[in-house]
Structures are given as structure tokens and as C-alpha cells.
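Here come two complexes built around subunit A, the first alongside subunit B, the second alongside subunit C.
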Partner chain A sequence: MNYKKHPKRMIRATLLAICFAVASAHSDVVVVVSASSPVTELSKNQISKIFLGKSRRFPDGSRAVPLNQSEGNSARDAFYMQVSGKSPSQVKAHWTKLIFTGRGQPPKEAANGDAVKDLLANNGVNIGYIDQAAVDDSVKIVAIK
Partner chain B sequence: MTTSNQLKATLRPLFFGTIVTASCLSGYQAAALDAINPTYSFNGFGTLGAVHSDEDQADFVSSWLLQPNGAGHTSEWHAGVDTKIGGQLDIQFNSAFSAVFQVVVQRQEDNAWTPEVEWANIKYQFNDELSLRLGRTVLPTFMVSDTRLVGYANPWIRGPQEVYQLNPLTNLDGLDLTYNIELDNGRNTLQLNLGKTTRDIIQNGEIKARKAIVISNSFEYDFATFRVLYLHAKLDLSIKESDALFDAYATIGDGLSIIPGQENSAAEAKALSSRYVIEDDSVELYSAGIKLEPGNWLLMGEWGRVSETGALAKVQGGYTTIAYRFSSLMPFLTLAEVNGDTPNEPGLSTTGMPAPLASTVNDMNQGLNLLLRQASAAQKSITAGLRWDFHPGAALKLQYQHIDMDDISTGRLGNVQPGFTPGGTANVFSTAIDFVF
Partner chain C sequence: MTTQLKAKTDQQEPSTKALPLTIQSSARQESPHSKQSYVQIAFFMVVIAALAVLWTVTFRLIDNEVASARKNAANAVSTLILTYEAQVVRAIREIDQSLNVVKRGYELTPGQAILALAEDSGLLLPDFLFLTNVTDANGNITSSTRSFEKANIADQSYFQEQLEFDHLAVSSPWQDPYNKAWKLTFSRRINTPSGTFAGIVFTSVDASYFVSGYEVAQFGQHGVLGILGTDGVFRTRRSGETITSGELADYALLVPDSDEVEDQEVRLLTNSWDQVKRYTLATKLYDVPLAVILGLSEEEQLAASAQLRQLYLQRAAGASIIILMLAAVMFSLSRQLQRSRQRIMDEQFTHAKQVEHLAYHDSLTGLPNRSLFSELLRQGIAESKRYDRRFALLFLDLDRFKIINDTLGHDVGDELLIEVAKRLSDTLRETDTVARLGGDEFVVLLPEMNDEKQLSEVARKILSTVGEPFHLSGQDLRITVSIGISAFPLDGEDEQTLVKNADIAMYHAKEGGKNNFSFYSEELNTDSLERLALESSLRLALEREEFTLFYQEKYNLSSKEVTGAEALLRWKHPTLGLVLPMQFLPLAEETGLIIPIGKWVIETACRQAIDWLEQGLPPRCISVNLTARQFSDAHLIGDIARILQTTGLDPVQLELEISENILLSDFDKNIEVLTRIKALGVRIAIDNFGTSYTSLSTLEQFQFDSLKIDGSVIRDVTKEPENRHLTEAIISVGRAMAVTIVAEGVETQEQAEFLLASSCDQVQGFYYDKPSPIKKPQ
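Up next, the complex of A and B:
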């Protein structure tokens, strides 16, 4: 393909490449619950509301307690971008607002994906996110509607 | 109303709230005690700011009632207008019980950096919808009243003064009942606040609001938030200079009433004193706000109106802010206006008075008009600013504000000097680093 002759094609190809890069970076992170949890699928909006403190429950009415990975963790940044479109500083600003209204605290933090899995195993109400590669029998991937 | 009646009236809502909590707790006690395993979290916020103003006969202040001086006349650059630091302790006792304490250090009305307890309340969450807070809570006059002091949470360095100065009071001692309904893609929050508050102001003054009733409703849907509020309270306001002025009118009224032929002036003098003094006067405030955050845009607007209360004229103000977020940079533009209905007050007529008395009365009339103008700001301003989120939890902000004051107004400036010419313009440049930790 001659890009010099077809600058539009080049732009299209570049954009496509960027899209693939972004998509593949995102698809590494999956939303998980305890293997025993009845939750099977959630919409991005439902996940976003649970993790941004706007909802305390799963759609079936049972209690939902989100688990964060600690700040600066790439899984965390990718997760929030994927479900809410918010950058790390936007997420930080969101929680700052909520904390300083005296009406909310950010989700409990786990050091990494393994710590998330440990906590999930112990508590059916928890929901977290981990790298796809770290998924094992102790957790269940939540399908995103 | 007698003092003891006033006290009862103020305590009644608190008492009612305690009863509600206590009766709910009695049923819940066993479970609550079993589950108590408190978790603590501490969060802090702060602002390091500096302000420059080119008006040398008055000061740019965060509020003319709360700061005795600032940038402009006192010093070209002033670091004490926006700088502050605050800490907040949240204690979660169990899933229903929690408490919040917030302490803020900022420059006070006496120029001292005295820590003040901004909030101290306990909260009981009855269920997902209903919660009750007792103690000192935010007085949620405007949309970002909750985070008014937390610069990092706001786009600007400070809330537009044309609106946010309509009420210098920021918290309330009493109860806060909040009813929250979650919707598919939004939520509605109905809030009732009852209580009272006292705040020290410039010149050893004090402002007191009693029997405050605040009803607000906030509706969030997708990227939009709409909010309305109504506030009613009984207000007392005393400032040394204005109190002396009202006393002088009353004294002259008494003096004139025994001089034959001066009965009318006597009545006029007493009427002036009682019209402008602020003692147990009803005050009403209405506000409405809208915030839209589609994608990277932020569009925000608020309007508020305060009723006439003694020397405080009926004032209404509004602003709109538009901002766009380019990753870590967010430029914004704010247009704001406030209009006070300054009464046309000729003061006490000096006809037939002996010359020395007439001269004193003329001075008093001038003083009264100065006070009335200060209390009913009228100005327009345009602010262009930039927020740079240079680090998670820290933002650098720059903003330039051009203020155009109405002909007889001192605008929102404070510490107004005798050489000040009303109706001019002022250019204010502010910079701040806002951080949270």
C-alpha cells in the first residue's frame, strides 16, 4: 500500500492500530466475583455505579461491596477507563468530592490481583477486577452486558 | 419572644432528632452492639494561594464579612485570601452508624489562623434511602457548598463570589435528614436541615442565624444535576461601626423628642435605627443550580436571591461556568453578576437643627449610605482560568478576573478605604495549588 498516495488510508490504518492497542490493553482486565456468587452479568453502568459509590447493591437487591486495587496499579486505571471512561485523576477527583461531603469513602483497597482474589474468596458480597491471566477457580468472571 | 423561648425553639428540632434516633436504635441495639468494629479514615485537603489586585483603595477578599483585609490596598499580593488546610476524620462504627469531624485552618476575621471545627456530626443510616445526621453539618446553600473549602474538588480557585457570598455562613448545628432515591440512571436527594449557627465576623462582630429551616432537592440524571433550595432563618448581625451608627440614630431620636418642634425628626431618627438594625429579622434565600458534564465538557450555572433584611438589601446573583477538559488541562470561563437593590436613603433631615448637630447627622447619613452600599454589592465579572492536574491529588490553578462595579457600589471588595471611588473596575490575578492527601 502506498501511503504517500493515500494519506487517508494511512490515517485510517493508524487509527485502527490505536484502537486495537487500546482495546487489547483494556481486555486484559476482567470484573470478578466470588465463585459462589449468584451474580453472572452486569452492565458497564451498573459496575461503574457500584465502584463510584452511587449504588450499594447488585441489580437483584443483594449488597455489593467493591474492592479496588491500590492506586497507580495499571489494572485499576484500565478498569475505570473501561467502565466509566474516567482517567485516574478524574476518579481521584470524584472520590475527593464524595469524601469531603462527609457522605462516602472509596472502596477498600487490595494490594494487587491476588489480594483481590483472597478477599473475594472470603466474602460473597465483594466485587473486584483483576488481570484476565490471574483468573482461577476461586473467582467467576462477570459478563459485561 | 423571650430568650428562653428562643432557646426552646432552637433545641426542639435537636430534641426531636435525638428521639427519632434513640427510638430507632432501641430496636437495633443488640445487632448494632454485636457488629461494632470501627474503621477510621483520615483525609486532608489544602490550598496554597496568592492573589494580586490592582485596586489600591479596597481589598480583594474571600468575603467582606469574614476577612478583614486582603489583596489590593493592604498589599499588592496577598497569600491569606485562599490559603487553608483542613483535615477530616471519618469513623464507621458499623454499617449504619458513622461520624465525621472536619477541622479547617484558614485566616479568620481577626487575621489569626485559628483552627475551627467545620463539621462534627454523627450519622445514622436507617436504610438505603434515609439517613439522619446530628451535630454540626454543612449548610448546603449552594451546589458545591459541601466542598466549598476543598479547592481540589472545584474547577475554580474559589466559588464565584457573586453567588457564594450571598451567604457567609457555612455550617449549621442541628439535624440533617436526607432521603435518597436511586433511579436507573440517576438519583434524587431530598434534604432537610434544621438548626442554628453563630459566626464571628470583622470588627469583633457576630452573625447569628437561628431557627434555620433549609429544604433542598438535587436530581441527578446521567450527566446532569439540577438543584433547588429554600432557606429561612432569623438573623442577628452586629458589626461595631454599624451598631454604633444605629445607636447614634436612636440616641439622637431620644434627644430630639424632648425638643419642641423636632418631634418629626425624632420619629425619623428612631425609624432609621429600627429599619436598618439586624435583630431577630427574618431572612429568606432561594437558590437554583444546574451542572452538565457531557464527555469532557463542564457547564455549570447557579442563581441565588436573598431577601431584604435590615441593612442587608435584597440581593440576587448568578454565574455560568464553561470548561473543557483536555486530559490534565482544563481551561474555564466564568461570567457572573450580582445586583443589590441599594435603598435610596436620604438619611435624617437636618432642617432646623443647630449647626454642630447638623454636621454630626450629615456624617452619620454618609456612614449609613456607605454601609448600605457595602451590604448590597452590585458587580459583573468575567474570569478566565486554567486548571492543571499535574499530579494525582494536586492541581495548579491560574485565574484572571476582571470586575466591573456598578456606579454606587463597592462590589464584593472589602476593607474599603475613604479614597475608594465606587463604580470602577478591578483586575484580579489569582494562583493556587490545591491538594488532597
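Up next, the complex of A and C:
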């Protein structure tokens, strides 16, 4: 393909690439569980419930322990926006209320994606989120319904 | 109402005398009216009562709703504050626990990185909410759960506090210079093993953390949830989504001393910080210088009941309108009903008036009738007795009315009565009463009058008014009236006597020649009694065969032979003896008894004539007198024809004598009757000739056979030249007309000689023959 001969095609390809880039910027956080976990897919709502302290179990009844990345981490903000539509401050307000009223404690925090992967590898009941790029064999991506 | 009705009646019936028997309308008209107004008042009271009940119930319901809403709000406040207190106490305890963990760690193992260790062990509160720092004894921050700049907090009040005390200290709210968020700091002192001050551990948290449990659904937009320090500074306060810190409030007012007040009451207070009226309750926390405060906005809590109140009011208003409309409809229906009732009553009343009028008035003339007159007279008597007044009663009877009625027909008779009634009413005063008793009898009541002179004037006025010619059905009529007058109280003090005496006086007037008036007197009464006795026995005389005929013969002057006889009626009264015709004939004429009596006379006379023939006497003519009444009797011709047929007498032998003055009363009709009598073959004689100055030309028009010169003319024929000339003239005229001349009442020889000399045909009188029952043939 000769771009010089077909400048229009080149522009189209460039635009397409930009579009992909934008799309991937939104979808580069994936929900992961231990490679050994039986969990394969969850709905956004189920994930949201587990991470907002409204549910402590997977749909199959086994225990679910969510792992957060620490505050200010971009993956964290992106994740909550994606699964629950809540901004960081809304999430904070949510947990403030839950903690104050004694109805729950926020998920345990890991410093970053790698820390999450470490914790997942060690414990089958955990569930977390990491950049898609960081996915490796130790974890399994949970399909979102 | 009553006067109006009366006035109306008067307008409708101007000629009618005021009725004494007017139906008593006032009671009937007024009582339903007042009854109706009572009903209306009761009706209004019921409507008002219904409205009062409706609104009372409505306001009671609203009050109940509001009261229950207030109670609910107060209950909610006292329940909610228990939960809130528990949450705050637990949150503070959690903070204190994490502070104590760090404090104890530093005290037990000085110099170690206890804070990091505790955090890693999960012994600290979530770091995205809570920031925990540790300082040395000089206030320099030595470690933190976040990355931090070197800082000294020795000037902070809570640091100063920890220098002195070893307890949980709560700071005043302070504002984060970075994100402007209000913060609270909780701190504890760290001691050296020897007990001296080694520094503090403190945790800062968003003040809003303590009001994060605020639910709009529970507290509304204007509720309040907050923590107030005993220093009167709000650590945090939330209303709706608005969260503030640092305001001042009257702690003593909001949090009564719990030592004094056992169970705190929820109070309705206007909160000083935002001027909202709330159900407010505050509770002092144990061991920390804080109190929780909770309030629910009155307006919000009562919104539902206010809405309900609005609804109730609208419904009550609607119901009121419906009640009022129903009432209006019922009221108008009742009004209509009442009006139609009133109309029916009015109709009945009018009808009753009409019936009354018919019952008390003469339908022909519209004058009061006998019943009403009788009533008026009774009242007049009663009033006159009471006020010592006088009045007079006039009894009127039209002369010859019966003849007019019989000859001209009832229609003319009725018209005449109407006209007479009108004239009487017009002539008399307003206060006088004219009534018609029936037939041709009228009565007049003259109040305040019994002076003979005045009464005579009135009577004369009536005579002249009635005497004016009437123009009825195309002919002129003259009628006269006879008036009898009785006065109260002189001539009677009761109704019957007064009427009877006026009647008697009237008969006296009639006997005195009619067209006259007469006052009642005692003597009249006696005469009248005789008359009454006479009348009743006269009625029975025919049945009892008390009548008989006398005969007086007529002689032919030239041949000296009996030519005939005049039949003369006599009444053999069982007690009075023989009664002469002049005594009873006027009565018989007046009562109409003359008709059957007359028939009997003709028939008896005819039979006598036959009898004479059978006795072998030569045929002689029998004369019978006809009275005026008989002459105008429609059946006269038929009766004569029948008598002639049954007796078999030759008509030529019957002569009917008719008085001259009768013939002149209704000329045309009399000619016709005479012609018809003549057609039967019967002879006709004109009787009492010479008394009425009948012209000869008039005489010529009648068909008659003989002329009888009246006895009054013959009586003085030898003394008065006038009578002689008259007699001679009559005889010569009779000769010229070829009729037989008969002289009546011949009593002396001189008279007989004069008549013979004058060539009179026949004579009759005492000189020749006295009337006797039956003549023996000579």
C-alpha cells in the first residue's frame, strides 16, 4: 500500500488508530482472579456489589474478597467508573457512610497492579483489577457479561 | 292581604252590596304563611347545623392529624437519636482504639516504626479517610500514614492539651488548606517509660464523616444532624446536602443538664443557626466533651398532614357547597310547592266567593236575594238595637207584572225586572240596600230613616222612577209599583214582623188603586188578616161548592118580555154568609183563582139556559161577565168552545160581557180575541159603557152585539142633564151601529119611562127584577 498515492486512506487509517487508542484507554483495566479460581465471568453489577461491600460472595456461593489498588491510582478510578459509574469522591462518600454506620470495611489495598497479582496468586478467594497489559499466566481475566 | 282582597272584590262587583258574610279569609291566609316561615326557619337551622357539624368534624380530623404528625415526629426524633448516638460513640471508640494501639506500641518499644507496623497489620483505620501522625516531644511529626513534609504541630491546641492531660482529646474543626475540607483531630499522649511526655499520636478525619449517616429520606432536606462541643462549637452539622462546621450555638439551651432532666423531651425549637423550627433533641456523650444533636423540620414533618388538611378543607368546602345547593334546590322546591298551594287556596277562595255570590244574589238582577236580604235585615236589626238607631223597610210589588209576563213573554218580563232593579239602585243612596225577593217583589232597606215625610219622599221618588216609560224589545212599556212601608222599631222589632207588615202595607197600597205607597198601621193589619183568611177560604170555595149563580132578567121595553138574564156570582161563605163579588173578585183576579171560577160560571150558566129550554121556556140569552184576567187568558177561547160543546147550548144564546176599560188596555190584541170569540157564534156585550169615554171610532172597530150603559150613568139620568144627553147619545149611536142597547141599574119608574121614551131596547135592574138564585118560569 502506497500512502503517498492514497493520502485519504492514510488519514482514515490514522483516525482508526486514534479511535482504537481511545477505546483501549478505557478498557485497559480488567477484572482478574487467581488462575486457579473457578470464576470465569461476572456481570458489572455483581462486581460492583463485591467492591462496594454489598456482597461478600461470588454467584456460586464461594467467598469473595475484593482487592483495591491504593488511592490515587488511575486503574482504581477507571475501574469504579467502569463497573459502578461512581466518581472517586462518590466511592469515598460511600465508604465513609458504610464505615461510620458500621456496616462494612473497605477492600484491602494493594500498592499497584503487581501487588494485586501477588496477592491473587496467593489466595484463590481474592478478586482484583489490573491493567490489561499486566495480565500474565498467574491470573485469569474475568469476562464481563 | 285581607283589605286587598276586599278591594279587589269590590272592584269586580261594583253593584254588589258589601257582604256581611264575606268568607273569613284572614285566618286562612295568614296561618299557612306563618307556618311556612316557621318551616323555613327550621330548614335554615338544619342546614346551619349540618354545616356546623361538617366543619367541626373536619377541624377535629385536621387537629387529630396534626397532633398525630407532631407525635410521630417527636417519636422519630427520640428513636433516631439513639441510633445516631450509638454510631458516633462507636466511631470515636474505633478512633481511640487505633490511637491507643499506636500509643502503646511507642511506649512499649520506643524508637521502633510502630505506625507503619500497625498500618501493615490492619490495626489502623482506612487511610483514605483517616490520616494518622506521630510527633516527638517537641511537636515535630516523626511518622505518618501518608507521605508528609516535615512539620511541627506544637502550637496546636490539642498538642498543648496532651502536654497536660493523658486522655482522648478532640480538636475544634479546622479547615484543610489544600481542599478546604473541615477536619477533626483526635489525639493521645505518648509517654516515656518514666511517664514523661514523649509526643502525641493524632488522627485527622473529615468532619463530614460523623454526619455521613444523614439520609434525606429519613431526615428530609431541613432536618439536622450534628455534633456539638460542650464549648458550644459545632464540630459538624448537616442539613440535607449542606455540611458545615465551626458555628456557635447555645449549648446550655440545646443540651439540658442530664443530671436535672431524667428523660429528655423532644422540644420544638427554632434553631438559632438557620432559623428553622425543628423537633430537636440533644444528648451529651459519655467521657468526651461532645453532644449529638438531631432535629426534624416541623414544616417537613407536618407537610403530609398539611396536605391532608388541605384535602379535608377542600372536601368540606365541596360538601358545604353540595349541602347549600341541595338546600337551595329544596328551598326553591318548597317555595314552589307553597306557591302552588297558595294558588290552589286562592282559587278555592275565589271559587268560594263565586259560590257565595251565587248563593246570596239574584242571578237575574245581581241584587241580593232573599237569604242575603234576610241576613242584612237581621244585622240591621241587631245594630239598630245596639246603637239605638232606626230604619225603614219598603216592600215593592210591580202592578200588572204578571200580565206583562204572560202577554209579552218572559224575556221581556226579565228585561223589565233588570231595568227596574237598575233604576232602584240608581235612585237610592249607597247605604241603602235593594234586594229582590223573587218574582216582581223587591225590598228596600233604608238605614237611619223612619221619618214619615222623608220616607214618603223616597217612596214618591221610586214611584216616579219606575213610572218612567221603559223601552224594551222595541216597544214602550209603562209599569207602576205599589209600595208598603214598615219602620223599625215602631212596626216590628224582628225580621218576620217587619217584612210581613211592609207586605200588608203594600197590599193596602194596591187596594188603594195601585201606583201608590202606604205606611203600615195597626188597622191595616186587621184588614189584612181578614184578607188572608179570605184568600185561604177562596182557594177552597170551588172544591166545597160554595159558589152559586144569581140571575137578573133583562126586559124588552117595547114588548115587555123577558129577553134574557145576566148570571151573577155569589159566594156562600160558611161563616161570613153571602159574600158579594166586589169583596172577593179582586182577590180572585189577583191570585189567578178567577180562571177556574170563571170557567165554572160559564158552564153553570150554560147548563141553566139548557134547563130553561127543557122546561119549555122560549129561548133566552144568558149573559156572563168576563174579567180582565180571564180575557187575557190564552185558554179562554178553547174553554168556551168546549163548554158549548159539552152543554149543547146554541152559541147565540150565550152572551159574554166585557167591561169597556178592559177592551181599551191592549187594543190590537183585544180586537183579535173578540174576533175569535165572535167566530164561535157567541154574542158579545160591552159592559159598563159610559165610564171610560171610549171614542165612537174606536167602538166601531170591535165586533159586538150589545152595549150596556153603566148603572152609574142611569142612576142620575133623570136628575143630571149631562147623563141624560149621554144616554140619548149612546142609544142613538147604538141604533146607528145596529146593536142592542141595554140599560143597567134601572131602579125607578122615572128611569124606566125615560128609557122607553129614548127608545132604549132593553133594561135591567131592581125596578124590574132583583137577582135571585133560580128564576121560575113565569
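Keep this in mind: the second predicted complex is superposed on the first by the 121 of 145 C-alpha atoms of A that agree within 3 Å, B and C clash if a C-alpha of one lies under 4 Å from a C-alpha of the other, contacts with A are read in each partner's own complex, and residues count from 1 in each chain.
Here is the rule we use: a contact is a pair of C-beta atoms (placed from the backbone, for glycine too) under 8 Å apart; a residue touches a chain by one contact, two chains touch by 3 or more.
The structure displayed is predicted, hence computed values, not measured ones.
J.: Does subunit B (first) or subunit C (second) touch A:99, or do both, or does neither?
T.: both
J.: Thinking of the overlay built on chain A, is A:71 touched by subunit B (first), by subunit C (second), by both, or by neither?
T.: In the superposition, A:71 contacts both subunit B and subunit C.
J.: Going by the contact rule stated at the top, is it subunit B or subunit C that touches a larger number of residues on subunit A?
T.: Answer, by number of touched residues of subunit A: B.
J.: Which subunit A residues come up in both lists, the one for subunit B and the one for subunit C?
T.: Touching subunit B and subunit C on subunit A: residues 71, 92-93, 96-97, 99-102, 105.
J.: In their shared complex, at which residues does subunit A touch subunit B?
T.: 45, 54-57, 71-72, 87-90, 92-93, 96-97, 99-102, 105
J.: What does subunit A use to touch subunit C in their complex?
T.: 71, 92-93, 95-97, 99-102, 105-106, 108-109
J.: Quick check on the complex: what are the subunit C residues that touch subunit A?
T.: 87, 90-91, 122, 125-129, 206, 208-210, 212-213
J.: Which stretch or stretches of subunit B touch subunit A in the complex?
T.: 41, 43, 45, 88, 90, 92, 100, 102, 119, 121, 123, 128, 133, 137-138, 146-147, 150, 152-153, 182, 185, 187, 325, 327-328, 389, 392-393, 436
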